[in-house]
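The data blocks that follow each hold one structure.
One chain, chain A, links the two complexes that follow: it is found with chain B in the first and with chain C in the second.
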Partner chain A sequence: MENAFRSGILAVLALIFISSSFANASDSPFIVAHKRVALKKLNPIVERISVSIDVYNRGSATAYDVTLADDSWAQDVFDSVIGNTSMSWGRLDAGSLVSHSFEFESKVKTVYYGAPALITYRVPTKSGLQEAYSTPTLPLKILSDSDTGKKIEKLKRLQSSAPPAFHHHRNQTLTAVRSKMITIPYLTALTTYFSYGLLFVFGQLRDFFRRIIDLWSHSSLQGYAPICLGLEDFYIRRLYLRIQDCFNRPISSPPDAWFDVVERVSKDNNKTLQRTKNVSRCLNLGSYNYLGFAAADEYCTPRVIESLKRFSPSTCSSRVDGGTTTLHTELEERVASFVGKPAAVVFGMGYVTNSAILPVLIGKGGLIISDSLNHNSIVNGARGSGATVRVFQHNTPSHLEKVLREQIADGQPRTHRPWKKIIIVVEGIYSMEGELCKLPEIVAVCKKYKAYVYLDEAHSIGAVGKTGRGVCELLGVDTAEVDVMMGTFTKSFGSCGGYIAGSKELIQYLKYTCPAHLYATSVSPPAAQQIISSIKVILGEDGSSRGAQKLAGIRENSNFFRSELQKMGFEVLGDNDSPVMPIMLYNPSKIPAFSRECLKRNVAVVTVAFPATPLLLARARICISAAHTRKDLIKALEVISSVGDLVGVKYFPAEPNKQQLEEGRVKME
Partner chain B sequence: MIGKMYVQAVPTADMNRNTDWFTYPGVWTTYILILFFCWLLVLSVFNCTPGMAWTVINLCHFVVTYHFFHWKKGTPFPDDQGIYNGLTWWEQIDDGRQLTRNRKFLTVVPLVLYLIASHTTDYQHPMLFFNTLAVLVLVVAKFPNMHKVRIFGINGDQ
Partner chain C sequence: MDTLATAFENTVRTASDWVTLAFDAPSARAVVFGVQIGGHLFVEGLLFVVIIFLLSQKSYKPPKRPLSKKEIDELCDEWVPEPLIPPITEEMKYEPPVLQSAAGPHTRINGKEVINFASANYLGFVGHEKILESCTKAVEKYGVGSCGPRGFYGTIDVHLDCEARIAKFLGTSDSILYAYGLSTMFSIIPAFSKKGDIIVADEGVHWGIQNGLQLSRSTIVYYKHNDMESLRSILEKFTQKNERAKKLRRYIVAEAVYQNSGQIAPLDEIVRLKEKYRFRLILDESNSFGVLGSSGRGLTEHCRIPIEKVDIVTAAMGNALAAEGGFCTGSARVIDHQRLSSSGYVFSASLPPYLASAALTAVDVLEENLDLITKLKKNVATLHKGLSDVHGLEIVSDPQSPIVFLRLRNSTGSIKGDLQVLEDIADRVLKEDSIFCVTSKRSTIDKCNLAAGIRLFVSAAHTESDLVKAYESFKRATPLVLEGQ
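The block that comes next holds the complex of A and B.
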């Protein structure tokens, strides 16, 4: 087993324990600033790996240990050639850098995975040695590409976020899932509250005068109750309508990397908008077009047109009546095998999948614990089910455990009887944060307390993971441990609809109870064919490597874009490898400014504000696609940078552009 | 210097979008700064004594906070399907839990305003009467025992 690594990019799993011997070192860890790994094939059997590490001391302690060890390797596989694999009591003055290099040869033919490196350090305090995690893990490429100066700055900044939680799993891919705390400049927080207060006051003033004026006018609807009682639509009338030209923009072409945005004009200060005949060709940074299937594809589109001719655009009935075609059964089998579960059922609409399945899975007397930032479809389904709904702090497994313990101990609300069923609902990638879910920890907590796990992979299926199979593959969670896996086809597959994958018994049960299966029209046949064809492309079954290229493309594009944005000084949320990156705007006036200025420069971004996000945390959300070329991304970066300067959203200091020459480094091939 | 200070926004478990903004950092400071700024505004516009300005601020604060915290019910957006339609903003914050830090702060602010207003007017009538009335109504409205209480059915559900 130890010899059976798959070929790919080079990596070494390095665990480096760096400790310092002074008691006040707990606030100032050593960090690994730079790491280079190189692989040389001396002959077909023997491979030599060189690892060189730069250690930077950003604290006050001066003594450290460095160890290169990995308890998942068989020790007899490698021979150390140059440099010991450990070093104790090295001395490093505060603020300086030291390099270590290790070289070892493998005795048998092995090939290495590409994986990020994990670095830990140990900090002794008076109460004993504590283990702490220093730099969050980053993919090897990011660590080895840029120069040391920038790396230090980047890592210092990442250091200030919460310590990363991570996990180590069977196929040796290590990813850091950080619960990133949103860092706001204090002055921005104050001005944001003040701006919202001012907007609120003006809205109330206008409402007040409108009510006085309406007293004088005669309404033809005397005696009827008003549709909205004064407060309910206040936000829409007084805040949203002022900037409604930034939302709901119509497009007149497929949402590919570049698309046509229809221009609109308003004669009454944004209360109503009229479409004009002009279109502008804009770069699309808002569509969930992760793998580039949104526009015509050379493999999928001819097959879709053929299905359209053979099956007609709609099945015109529900699944149980006459709406199950051979396409539907083939689609369900393919989805089940793609996701890694025994069986699957598909529905015509993604939102409906969540809101119609949750009431069927759980009812009164059950408990649903959902993440606080779950999508509206899950909230809707949970409310519609009649079960008790509790919320745990976003992506915090310790809080989930606390809530679970409390609820299990308390029991049902008034009777205190034990719960009939407990379902934990989490999402793979949270679309407003771009964050990955801490799935292994959450699954571990659920197994401990025997609760079911419901994973909504709307944004992550097809977009993350080595072969595109979603967060389970990326984070190394066995799909058998997640009880219900849900996803949609709108994002990565370029189609419409949603699916639920689970055990055969579960899917059979759903097929005769779920109202979306019994009464709603089934998936349109051309849409089903699009999903089948796109799955074939992703898996490489169409005979080309376009699928693998797309997956690699979206990963590289996301990592490149995110790191460039962070270097410019924007506050970008989300984990590495995630194609969704929100740029924080905060102030309500910056939302329309950013959106309109970008549109003037032919870049279309989606801005999100209250109430889809918390009040303070308005953001512009960028979705990267595999269809974006490097040229597109560079143009987008230039536009966003200039608009960011104009609007003033570069809340972090930008990194200086220093070039440092490094001699004697073995370049990574 | 103050522009370089950063705060961390801890994600809150409060589901009510109408009230979760009160759990983020900077709210208390903004509230106090708005009151101070309005006092300066009143002083410059009306050219009165500082004590009168504080009394004006106290009374306006009373009217505004009573209206928005204890009179208006529900939320200003339709997304939550009206589950808070019977609750005022004061009853919604912190999920209805009493005596939390936010509630204690909001109870102390009118008291401090009252002290400042009555001190700077030297406890003279008629300002003292109005100030005392304002602070009494506000503080009584914020008692834990007054949660969801509608006296004589005023402002109750139809």
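The block that comes next holds the complex of A and C.
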């Protein structure tokens, strides 16, 4: 809490600083804009990334200079193919526009997605050199299609409205600014803090009166410290309870594309909620039902029921005792071949898979370097292992390399003995950000420094890749390069449990000593059957093409939905192809508003706030499923758009052509 | 005292007078821009300068030269990590028997029917018609997985019904479901106990609890396994010496029936101590829920203690209820707190609805069939008696525990050695007499060091002849194995 507070203050200071540089930028002699980084496919293996920028000279400058300064790409991963990554002092007359582009080709022959490069510009002015940079994290496709004149108009307009897409900084070190991936509009940040401040003050006031009242009435708990601590409890009582109807909404049907949300009422100002008999049929944009296996399935369900009859819901025993049935052995073989590893072991819960495996792999004297946004199960696993834990900046291979170098050079704390081993833990798709892991670069870094890679594919296995085999397939990384592959069955497969896949020896060792294998009840047999059957469907072994359709469906649905949201002016995080897309809300009062308004219009979305995200970065999260039809998505977009207008979360100007949406609709009918 | 203070005051005053005098001497007087600079101002100015000077100086540190890029490169090149896992030995290649049918009282291994003592199917609910029927209905209605954590549309009405049913059955105000038995304890303990708090735990607790204790970062003290005197002295020590302890949250953690020994915790004594020293009690009823007490309500009923006296009760549902997952029950405050603060609840997909439905039906069946508990008790007594005079083995577990825990009368001296012998016995009874029972294998990261043993899980569905076969087999096979040593 204290930490969050401190970083909050820092963020405010940083924002004030940034906004003041906005003001300075108004006399900037040039305008810089950035096109989105694009991917070109030359042939099946060769793909190129092109990065391009536009510089418009507004007046006083006569020359410009461009350098690509991006350290988020590991060295040696890319070759520059076309264009100069550093171009010194080209001529640029007043009033003219120049476009500058580079093209890269990946040396490791892989698709590359991710945060794009940073480009520095320098322009001479009377008072000396002026420097600026640009981060093309935002939808700037606008710039690529219209003609030059209009482009400049748009640029000017955009710049004067100063959306965070365009930053002009003077004399600032690039590294200092670029660590901030999400840029928050100044005003938004201010109002967000104000809202939290207000809630906090009122909460404290109420607590104060409560305490005065409590003084009179005797507490029965003499001699016991309160079971819930002040601050954590404060958050629940004074903030969470106000909006608790937005969470834990019960449903009374499978979490399919459409589901029945049970209505709840509160008689005591939202302190407690009672279920009613009423349900409303809502479009489900919240469940991790990526491939649509949540509901009854023509192929899976009969087999699940058969297994249920044959093996009962539980074995009442751990895997190593009497909990291994023929289904479990079959499941392990299937999972291993599906993810592309020699062997696998399965557990009854994804969370436990992480938290019980890490302590087995590493202990005191070892080092775990974990992505800063890793899931709680990984954090707990690392904590439980007794190893030293360090964190690297979210999805930044260059920072990972820096931490690795420092740590290897330093050795263990105090004794400076060399580390016994180092494990890097990353996720395939980050479930709160929707981002894909920069796996090729991270693997390259790990290889260079002899660290082991632990990849958690909870959200990516089954959901991405041509045949659903996860980020390795999508990003073209050989699974042999990833030492430990972990994943869960709760998402794409519509079941429960988790797996670890790796070398035969690794799995043997885990089966020998992992507590989750030795002590925990084995995966419920019908759930195991569900996984087996859904893998068969994905691979087309059921004799139909449903699997391939599902995989194509989720990709198209996700990309369609993401691009439409961006066009509407929402601030959407995450990468293409990822079915998870957070929409930034920022302000705490917008959380319940967005959630309730969507629900009113029969669209169920998930909203996430502190403590799951940083205080400032509250968001709504949308999970797309292959089970959604185009019509569903269009309805969802309409609802989200109107709610977005109502609540005021379209932080960017909308793209003028809304035709596509209409076109899509025409096609549907 | 008073005089001393006055004397001191006087000395100080004289000294300061003297200093003022010294500096107010004509030589120290100056007038700058019409302002008279008194001596004290001069001194203060001087002091100020000195302070600034001192502050601006870095404190002395041995000169530190950062490593150059080249040096770091070399260090990175030289570094050789240990392999990810140690070399695989023969014992690591152990493959457990594979069941070809449901893990009921009788099951099929390698095409042969065996009597199953390896499943904690205490009430014989594996394969129970009514439970299967409710599961089938639930699968047809809800599908298999819940595809989301409880907070994000992973709450299905059966979860709420199941929670209410369990609370009603136990007579508590609320309960909360966890997706996995193992995750129950390691989520709950850190949710209630943080750094600085005190936990006194039994040294025989299972790994899930150990993990929870470690994650909580609290001060942890273990008392001797099921030894109330040891518990008392530790509680005493904590409350006596440590005044601060009153402000901290203090917990006792125990299991009702210990998975690692089959012993039953003396709850009446623990409750007496906890009330005396004002600790809270977290009790794991995994192996006693549905087993102990006249109607299966667990250890509290067994000891005739109202359940409110235990602050937090947890249990795995993968044992007597023959479902999966776990639950925690207690006061509404305790439960509500977990819904936002318990990691395994918040950050993990919820229990598959058909398993919640299984647990719910199982509680119904249990309540309607009290004879199951009577039968189970009878079976426990029979097996306990039958195994009590096996040559070379002794029973560690309580006569009423549904886990009959046998250990070697003469230990080989190490847990590993013991396990090897016990493994041989278990192998032999399986191969020769089709009695399927297991040894208590232990993970290398498990800190429990109670003796290893053979565990037999008794079920109400075992027939008299199953039990007789089991103990006869042990009586026959054990001496053969032990002689062969």
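Observations
Assume the second predicted complex is superposed on the first by the 476 of 669 C-alpha atoms of A that agree within 3 Å, B and C clash if a C-alpha of one lies under 4 Å from a C-alpha of the other, contacts with A are read in each partner's own complex, and residues count from 1 in each chain.
Heads up, the rule we're going with is that contacts are C-beta pairs under 8 Å (C-beta built on N, C-alpha and C of every residue); 3 or more make two chains touch, one makes a residue touch a chain.
Keep in mind it's a predicted model, so treat the numbers as computed, not measured.
Contact with chain B, but none with chain C, is seen for A:616 once the two complexes are overlaid on the shared chain. When both complexes are overlaid on chain A, the residue A:548 reaches neither chain B nor chain C. Contacts of A:539 after superposition on the shared chain: neither chain B nor chain C is touched. Once the two structures are superposed, chain B and chain C can be ranked by residues of chain A touched, with C on top. Of the two partner chains placed by the overlay, only chain B lies in contact with A:393; chain C stays clear of it.
Judged by the touch definition given at the top, the superposed model places A:187 against chain B, while chain C stays out of reach.
The interface of chain A with chain B overlaps its interface with chain C at residues 228-229, 232-233, 236, 376, 383. The part of chain A that touches chain C in the complex is made up of residues 223-229, 232-233, 236, 240, 247-256, 259, 261-262, 275, 284, 286-289, 293-297, 300-301, 304-305, 308-317, 319-326, 328-329, 348-352, 355-356, 359-361, 363, 375-377, 380, 383-384, 404-405, 408-409, 418-423, 448-452, 483-484, 488-491, 493-496, 505-506, 508-509, 511-516, 518-521, 524-527, 530, 604, 606.
For chain B in complex with chain A, the residues that touch the partner chain are 2-13, 15, 17, 20-21, 24-27, 29-30, 33-34, 72-79, 81-82. Of all residues in chain C, those touching chain A in their complex are 67, 71-72, 75-76, 79-86, 88, 91-94, 96-104, 107, 116, 118-121, 126-127, 131-132, 135-136, 139-148, 150-157, 159-160, 179-183, 186, 192, 194, 197, 206-208, 211, 214-215, 246-250, 259, 278, 280, 311, 316, 318-319, 322-324, 333-334, 336-337, 339-341, 343-344, 346-349, 351-352, 354-355, 358, 436, 438, 441-446, 457. Looking at the complex, you find that chain A touches chain B at residues 181-187, 189-190, 192-194, 196-197, 228-229, 231-236, 372-373, 376, 383, 391-395, 399, 610-611, 614-617.
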